[in-house]
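Structures for review follow.
In the two assemblies presented below, subunit A is common to both, partnered first by subunit B and then by subunit C.
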Partner chain A sequence: MTAPIIQVRDVVLRYGDFTALDRVSLDVFEGEVIVVCGPSGSGKSTLLRCLNGLETFQEGEVIVDGENVATCRNLPALRRRIGMVFQHFELYPHMTVLQNLTLAPIKAQGLPRAEAERLAMDYLTRVGIADQAGKYPGLLSGGQQQRAAIARALTLQPRLMLFDEPTSALDPEMIFEVLQVMKNLAVLGMTMVVVTHEMGFAQEVADRVVFMDRGAVIETAPSAEFFASPKTPRARAFLKRILRIG
Partner chain B sequence: MDWQVVLNNSSLLARGLTTSLELTLFAIAASLPVGCLLAIGRLSKQRWLSLFCASFVNVMRSNPLVLVLFWLIFLVPLIIGHRVPNLAAVSVAFVVFFSVYFSEIVRSGIQSVGRMQISAGLSTGLTRGQTMRHIVLPQAVRAMLPALTTQCIVVFQGSTVAYVVGYDELLHSSSMIAERTGRPVELYIATAAIYFLVSLAGSLLARRFETKRSRA
Partner chain C sequence: MQYNLTFSMLLTAPYLGWIADGVLTTLHLALLSWSVALLLGLAVGIARVSSNRALRLFGTFYVELFRNVPLLVQLFLWFYVVPEFLPSETARWWNRLDEVPYWTAVIGIAFYTSSRLAEQIRAALGAIPKGQFEAALSTGLTKLQMYRHVIIPYAGRIMIPAITSEFLTVFKNTALALTISVVEISATARKIEAWSFKGIEAYTVASATYMLTTLAVILVMTMLERRLAIPGLIRWGS
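And then the complex of A and B:
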């Protein structure tokens, strides 16, 4: 196998006295789907934000697509290769869906407007909401907004995608449509790191599961193995709790 | 009541109103940019800068406008050794005083935009400046417009303070006419009506912005 597309080595991140990430290491290979799970406040989202330089950490190193994130001279260029999807969608409310998708391609990538719009419409079609292109995000359902947000990330044609609890803010009946879009992406071979409590998605789609607690990676295992027989007591307790609810 | 006296002096009143509006426009045009700088300074990560701006805002907010003007008329001459011209005193007082209120409006406008919106912009490869310009500021301005318009009305009403140094704004003009003609009741009612109408126009404008915003 070639070098991992994401290499996280002994990353430590502190906010004052609080240690948010405690010597976290993780390799992700091209085409892999990784699900990161764990109790809330365990550092999952913080880890994700370190991967594209939205958080600065004090120790260790993160190398994504061959570039050291901490010392990267041109973070915007690196971030264009890393799509990110947020819990609360974070579509820009003052722009139409189409403008949301074309802003970065035009301003950051320098694509001509027509080209950016063609790409954007292509991805909106793929996530099934081409008919919503001219609307403002506030008029869309939660599921449609999140699909638009995924399309916005894809329009930059990234090499990998980060998902930060993409279905946690959605009504139950809308979770399915978003997970469906994510599954399709996985099938097409997109490298994905997904922070989620959707254990069904993890079981069905993930190659490996990373279990975090209190800022540390407690267990990393192939998905089937993790769900059949979690090795650590903490992961076992977590699974027991979450599967009973879910 | 003899309303003829108001009509007879309408051109003087009109000149007073023009002066008031000029003062207001100047105060807004000068204190809004200063207010923006104060707001950005307060939100800065540089501790000393945000502390300085916060102290300035809090000290100025706890003083009445007339007192700020008195400082400039009575206190500053003692320090610099010669008197401050009236127009300069009024201008400086207005800018110092109103920029503080504008800064609070601008600050809350910028803060009303979710921090994750910035993350979203940055994550798509926009620079900090581009994120500010295309994502944060347009939303902040929309959120600020109603409060900004209201504050502009307050500035208009505050412009009467120039009266204190004998500046010929609307209230000063009408009080001079009242004294000369011995008809204070008619003149002050007419003056109140003028202030009311201008302020009403302002609040109607503010409400328009508000409904526009809630529709978006």
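And then the complex of A and C:
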């Protein structure tokens, strides 16, 4: 078996006295879809942000696509191989959708503008909003904005994608279109780490589910197993709560 | 006693030339000081929100130093005191410059204004959601590219009204330069009064210069603001 594309080993991250990540370990293999869930404040976003070096941790190590994130000399180059999608989209509001997509390919990757635009249009077509390319993000619906944000990450042709609650800020009728885009991505074999409370998506698409609580990974299990019979009481309680609400 | 308004006198030599020189001096003194202030203010404003503690401290010190001493006092300090402390080589070079008062005014006004701009820039940077910085970094932009292509253009649009009002302040503050013998339009008005006793006319011209320029700047900046407005930003930001 090949080495995992993401290796997280005993990572400890503290904010002052507060331990946000408490000896977290996780392996993700190429092509896998991992769903990370857990109560608010359990450290899901923090873990995700450690994977592309947006956060610095005090102990342990994170190796992504063969590079040690903590000691990486060229983080920008590594980050280009890791797409990230945010809860609040974070499209640049003063640029058109197309400019949002081509900025990093042109400035960071050094692609010629024409090629970057061709790539960008290609991905906008795939997420179904090619007709919005010339608009400013503020004029798009939430679902369209999030699809544009996914396309922005994809335009860098990353090796893996990180999603931090990509549908939490969306109205219910728009959640579907975003999840659909993510499912297609999974089918095409993209490695994905998804923080989400969409348990339907987890059941249908995830290979494994990681359950976190108070900064620690409490349980990691194949998706079917996790939903059929969570091993830990905390995961059981969490599932019960969230499935009743969701 | 009757005072005869005779503006036509101002159109004759040597007054016309003086006025032209004075207006031009005021304009380029303001523009140059403001441009330097904008660059300094940008650097200091970014330092103020930097993740580096030393840089943040430096930023705070800088702002408090230059913001809290009256500009007039700062001009005197730059003009009379600072040269005393320059190494003799530098002092000699400085004193041999053609326009020492002018350059002193540029330095004084620029530092003072930059501390005020730095605060505006810090506020604008603080108004940009943290996720924008992270999104830019996550796409592999360097910090410099992030500021250059994402953060500063965004902050700049938020800041147009503040930058405008700061420019207008600079523009009026240039009048203080006459205290260190820069012959801008206010000093010119004084000079004309001394020569011709036509004080009212001379000061009217000076006032008109300030007012017309101010109006022109406001007009241009309002147009710019409208052109650069971010579509849908209000809905986006909420």
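Observations, loosely collected:
The rule is simple: the second predicted complex is superposed on the first by the 246 of 246 C-alpha atoms of A that agree within 3 Å, B and C clash if a C-alpha of one lies under 4 Å from a C-alpha of the other, contacts with A are read in each partner's own complex, and residues count from 1 in each chain.
By our rule, a residue touches a chain if its C-beta (ideal position, glycine included) is under 8 Å from a C-beta of that chain, and two chains touch if they have at least 3 such contacts.
Not measured: the values here are computed from a predicted model.
The superposed arrangement places subunit B and subunit C in clashing positions on subunit A.
Touching more residues of subunit A than its counterpart among subunit B and subunit C is C. In the superposed pair of complexes, A:A237 makes contact with neither subunit B nor subunit C. Using the contact criterion defined above for the overlaid structures, shared-chain residue A:L54 touches subunit B and also reaches subunit C. When both complexes are overlaid on chain A, the residue A:E90 reaches subunit B and subunit C alike. Of the two partner chains, subunit C is the only one touched by A:P137; subunit B is not. In the superposition on chain A, contact is made by A:A108 with both subunit B and subunit C. Touched by subunit B in one complex and by subunit C in the other are residues 49, 52, 54, 76-77, 79-80, 82-84, 86, 88, 90-94, 103-104, 107-109, 136, 138, 152-153, 156 of subunit A. Chain contact summary for the complex, subunit A toward subunit C: residues 49, 52, 54, 76-80, 82-84, 86-88, 90-94, 103-104, 107-109, 135-140, 149, 152-153, 156. Residues 114, 116-117, 119-127, 130, 134-135, 138-139, 142, 216 of subunit B are the ones touching subunit A in the complex. Of all residues in subunit C, only 129, 131-132, 134-142, 145, 149-150, 153-154, 157, 228, 230-237 touch subunit A in the complex they form.
Residues of subunit A that touch subunit B in their complex: 49, 52, 54, 76-77, 79-80, 82-84, 86, 88, 90-94, 103-104, 107-109, 136, 138, 152-153, 156.
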